Amino acid sequence: MAALAAVTLLALTACATDEPAAGPSGSASAAGSGTGEQSKFFVQADYDAELALLDAAPTGPADKPWEQVLNPTMVDTAKFKKSGPHKICFSNAALNNPWRQVGFKTMQAEVEAQRSRISEFVHVDAEGKDQKQIADINDLLGKGCDALIVSPNTTATLTPAVEAACKAGLPVVVFDRGVNTKCPVTFINPIGGYGFGHVGAEFVSQRMKPGGKVLALRILPGVDVLETRWSAAKVAFDKAKVDVVGVEFTDGDPAKTKKIVDDYIQRYGTIDGLWMDAGAVAVAAVEAFQDAGKPVPPMNGEDQLDFLKIWKDKNLTAIAPTYPTYQWRTPIIAALRILDGQQVSNPWKLPQPTITQDNLDQYLDANMPPLHYAMCGCTDLPGYPQRWK
Amino acid sequence: MSARSLLPARRPVPGVFVALALTLAIGWLVVLVDGGQLFNQSTTVSLLHVAAGLGFVAVGQTLVILGGSLDLSVAYVISLSTLVAAETMNGNDGAVVPAIGLALAVSAGIGLLNGLLVTKLRVNAFIATLGVGLLLKGYLDSGYDGPAGTTSPTLVQTLGYQRVGPVPLSFLLLVAVTGMAWFALSRTRFGHHLVAVGGDAEVARLSGVRNDRVLVTAHVLCSLCAGLAGIYLASRLGSGAPRVGTEGLYDLESIAAVVIGGTALAGGRGGVVGTVGGVLLLASIDAVFNQLDVDAFFKQVIRGAIIIAAVAVYARRALRKAAS
Amino acid sequence: MPDPPPAPLLTLRGIGKSFLGVRVLDGVDLDVAPGEVHAVVGENGAGKSTLMKIVSGAYVPDEGTVELAGEPRAFRGPGDAQRAGIGIIHQEFNLLPERTVAENVYLGHEPVRRGLVDRRAMLDRTGRLLASIGETALPADARVGRLGVAQQQVVEIAKALALDARLLIMDEPTAALADHEVELLYGLVRRLQERGIGLLYVSHRLTEVFDLSGRITVLKDGRRVTTVDTADTTADELVRHMVGRELSSYYPDRAGPGDVGPVRLTVRDAGNQKLRGIDLQLRAGEVLGVGGLQGSGRSALARALFGVSPFTTGDVTLDGRPVRLRSPRTAMRAGIAYVTEDRKGEGIVPRQSVLDNALLASRAIFAARSGRAARTERVRELLAAVEVRAAGDDQEIRFLSGGNQQKVVLARWLALDPRVLLFDEPTRGIDVGAKSAIHDLVRRLARDGAAVLMISSDLPELLGMSDRIVVMRDGRLAGELPAGATEEDVVALAVGNVPETAR
Amino acid sequence: MQIVQRRRLPLRLIRVRPGGVLPILTILAVLLVLVGIRQPDFLDPPSLMSFLGRSAPIILLAAGQYFVIVCGEFDLSVGSLVTAQVVVAARLIDSDPARTWPVVLLLLAFGAAVGLVNGLITTRLRVPSFITTLGMFLILVGAVYLWSDGSPKGGLSEEFRRFGRRAVEDVPLLGRVPYALLVLLAVAALAVLLTRSDFGRTLVAVGDNPRTAELSGVRVWRTRTIAFILSGLAAAVAAILLGGYSGVSFQAGAGLEFGAITAVVLGGVALGGGRGSVVGAMLGALTLELLFALMNFYGVSGALRSTVQGAIILLAVAVSATRSSAR
């Protein structure tokens, strides 16, 4: 049949020219630390690059981290130049957790802020299903979008669909998780999981007593963003020679978290350090220590307000590396710049600030809901704060 | 007994197709008013792709439900099958046949385990397949931390993306599988026996049907269908994905599609054609709501209501039939 | 009938079987010759059904041997036995309501051509099979769920015949059949005999046993008492073997003239989907028998009076006050009780204790506060009064014999002090000993002032128990007969041979 | 009634009634011994108390699920109901202590209402409860996300959280007794009383043979609906305790329905109804919780847990199924 869509033809080349597993992971598996083998997600070069970025100075307006870029490498976008207003389409992986909710609201607010330049904003939610997102992207290609933003549900599995979108000729902007292809005009994300995991683990291992017992709490296995966080933490812990007594999955369920922490406290008497790959259950973990009548050990959380609040109230020894939700603003900005024919950086690495004891007060806003993310960069957007409440 | 009631039972058009037609008609209209177009090529292709994935699973699920059983492990079987297939192929076109064979064999093995637990050890199907699902979940969680393997490019190109006009190859495969299942149900002893076991296990047993064997076969076929769905998804995704089955809620959605399609949850009544109707209905609702950019959560509410309403309608109809 | 031929078709030797340590069969010997009808009789719980299930492969015997045509066989399931040529017609329907007649008839051995079910052959053969037993009106592709009870029984028989069985087991085959269908069955049995098929015939109805069989084996408590040639024995002798005692007076005395009280229940011109123009009076102290063919509306009458499928037209008065019997609850509150004919499906709650079964209705009707302890005590007394034999009132009722289950059901209703009792086939499938106990109970209840309506297909029972008999036909009352009427009178009314008695 | 002598009387004393609590007690005892070997201080009163307190919500859910399962139905909506309750509570209380009690009452009413709807749809519209409650599951999850814009809002007051998090201190011998445990004991006592009541016995009869029950004057639809309401109420109490224990999140009730059903089945209650005890169901839940604690103590790798859980469930249920089917 002649009607073979471009989609189908292109799929041929979909497969892995740069597989994530390709990198070596040799140095990571220091013995005797109980952290086990290094994840196949661990790529030494990426790890090194991300850690280097932590200290890099961003370019761009200082008060707008979502427009800043670390180590920019500009690409030409003249061929996408088009007169506005534009129809921008967004294939979203899911809206099923507070992080994505806050992010998406931020993105919507950004769209509203740019209303004069955007005629239509089409959003399709894949509900966390790879299969649906592939179909969604295909569907969007038939809708006459001027630019396509994709937040992939899974890196590897969405690659063919994104490649097909690139071939369709419209500018594609990918953010949050990446894809295994260079075809999008730009890929926007903060420094990433290694940076997150490293910052938390380094803090915990420095503040706790040497060789003490660390409990690592993870949400669930197999999510690339979270896997990289853990693999970086593992490197840090192994290097610091602390005793990682447990790596447990909480499913993001606070009740399960409390039970696990409770049992570990019982089993080991004391836990000297607490690391987690996401902040969702940080408060529950703190409460578990409180309820057991134990001091809360040095720990990390994330920039969710409930954690920042308990941190301040209970005067914890804590740190909050972030995976800023302000990155949801950037794709809109990038898409409009591309459609203007302006150069953008690819990759577009956003800074990834860390909340520490020193700047805690700056981010803590008692008026926002407990699961709001402080690093939303949304205070200047239309509808703040009501939209996020 | 009046003569009228002795007429051979005509199978009415399954209500699900009426609902499907209505949904598409209303959806088309609403989308049109909204300024969109429901039946353009890309939307249709997407709809049929979504339907194909769920369809394979739901057809298999129909078989076990007809037999009075249930399979809650399908979601994990799908994930496992994508991994087995993609890892065996590892991007190699030459390995397609062994990979598909191995994926199906592994799936069939799980189906066999399900079947044996349900029949030989007399574990309630709900618990048995839930338990097997947990076993698989443990394996997947501990063995894989993300997508693995690479599907052969040829398979991606054909099963994953090839289409004839607006109809994807995978949907044609679904039609073929449905046809085979329909044929098996109406024209083979296995099919007759399966419906009998679901209708009344004791009657079937006393009529010389080997209930256990029939149910085990149904479970194996169900898992095979799930395995096939896995192979399709592997070719769609380009690699094996350890959580694609659970993320897609294929276990509960397949059961929903089956009952929306008019198959009695208790077994003994229904068929695969209705199931495909149910799958298309769910996919159409997805498509319409996608076009209208309706909140996914609202869609979920609607979906829940539709499942209940559909079954209530069937129950009412059955009640009226019994009263006449 | 002549002596058994030398080469038996089926030979059972020393069959034994236990369930949960309870021995239900012990050293049973039995043989059936080709062309012979061998009847098996015995009280319920004597082991008849278990024995039949062993022959038909549903159970595996713990000890003993089964030989078919001289070959020892160990059936691993009903399918095995079927392939060996053993068919069984069950007491309860073994049909799938959602499937067609043909699909039911050929279930388990569908005709196959090139590996596929040959639907046409299946329909053709079913049609021929049905025609061969005189059922030409029944389409082979009708859904069984839409058939009446008698037609379903025909399907059941056709199903067994379709097997080309060498040995056919009939377990109470006439239980659900109307009289003319019983005649049909007789003809059928004889035709089967001529073909050289051996028949094992299990029945409580001694008339049939004497009409059909060549030899009779009596089972009691899992053992074989005797095997006799039918020609050499009498009904009295058989009953003696079965129960170990003489049953001289089978039925209790009828109500005397002073026993019958005022009119308790009046039904005037009532009807519903299955009933038309019902006019009926029921007096305190009397037993009103209801006769008629299966499907003539007898059960529908009881179910209408009990509010299960209520009357849609007409009036019902109870003790002079109009009542609306919309549901079992309203009927119960009005003082009506109903002992259903389908004990297993509607009478008992199998896995609950004897006491819970007996308390079921009281718990549903009375408020919890009104003296639970006293209520339980009373039900215990009733259980004792009706002489339930059980290992304790915490025993699960499914382990009791049919007769004892029926007594528990009766105790359940007696706890409500009903003024009107509706019995639908109260002794169906119950052994002779328990039968007479139930008869005594029914009469005692009437004597104590209850109005009793009793449906029965068992004519001697109907005639023996009733003070008055109404006969139904096609959803109407066909006529009324006084005590002392004959079986012929009842049958004539039931099939419409005589002009209707205006009433 | 005449008592017929059983043939082997001694058997009766050790006879394991199908649906009895002996098998689950055995499993529980084995797990306790295993825990005792690995973590002796777990069996000390304080930690045992806190374990029982934190296990209270799932035990309550199992008790609620028992009523539904024993009358022959399913309730798949309890997990989503718990989530909905916790999220609703947080938004309505909005960290205002004064609203605690009104909201608690509202939650109980909400739970009962959801149960009522489940029950009515199942009994009056004759939709199999698997489907009814699956639909309700989807509706509740969708509705609660929709209502809260995908992210829980507000917060629970300390008063509200007390039930699930705090304890009565300085109790002789036991140390601290969690409020959750007290709530659990009270509800468990109520549940046991209820199963012994007319309603409880009738409920089991309905599960065993609804036709007989109907013809004996039982309003089957009403009985079953009440069972669903009880399940909804149990979910409400569980939500109050769980919200108290761990705070607000969308994950609060995730997967609890399967946990509760598994626990009930593990406790010897027959799916399909008619057999089993509420004590068994609650012990089943306790056993599951102990199993999870055991895995924490033995350091079973997080990812392998579901395998262990699946294997133990299959094993336990298969063993009891083969035992009870050996007639």
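For the reader, a short list of remarks on this structure follows.
Which chain is which? They are A, B, C and D, in the order written, and residues in each are numbered from 1.
Criterion: a contact is a pair of C-beta atoms (placed from the backbone, for glycine too) under 8 Å apart; a residue touches a chain by one contact, two chains touch by 3 or more.
Computed from a prediction, not measured in an experiment: that's the story for all the values here.
Ranking every chain by how far its Cα centroid lies from the centroid of chain A, the top place goes to C. Across the two interfaces under comparison, C-D and A-B, the one joined by more C-beta contacts turns out to be A-B.
In terms of their C-alpha centroids, the spacing between chain C and chain D amounts to 43 Å.
The centroid of the Cα atoms in chain A and the matching centroid in chain D are 37 Å apart.
One simple way to say how far apart two chains are is to compare their mean CA positions; for chain B and chain D this gives 31 Å.
Within chain B, contacts with two or more other chains are made by residues 141-142, 295. Multi-chain contact residues of chain C (touching two or more other chains) are absent. Shared contact sites, meaning residues of chain D that touch two or more other chains, fall at 150, 301-303, 305. Across the whole structure, chains are in contact as follows: A-B, A-D, B-C, B-D, C-D.
By the touch rule above, chain C contacts chain B in their complex via residues 56, 58, 77-83, 88, 90, 94-100, 103, 107-110, 112, 115-117, 119, 137-139, 141-143, 145-148, 151, 159. Put simply, chain B touches chain A in their complex at residues 36, 40-43, 45-47, 49-50, 53, 91, 140-142, 144-148, 150-151, 153, 156-157, 160-166, 233, 236-239, 241-244, 247-249, 286-287, 290, 293, 295-296.
Against chain D, in their complex, chain A makes its touches with residues 95-98, 100-102, 105, 218, 221, 246-249, 251-255, 257-260, 262-264, 266-267, 280-281, 283-284, 287, 291-292, 306, 369-372, 389.
Every residue of chain C that touches chain D in the complex is listed here, in rising order: 19-22, 306, 308, 328-329, 332, 338, 340, 345-352, 354, 356-357, 359-361, 363-365, 368, 372, 380, 383-384, 387-393, 412.
Taken together, the chain B residues at the contact with chain C in this complex read 1, 5-9, 186-189, 191-193, 195-196, 199-200, 202-210, 268-269, 322.
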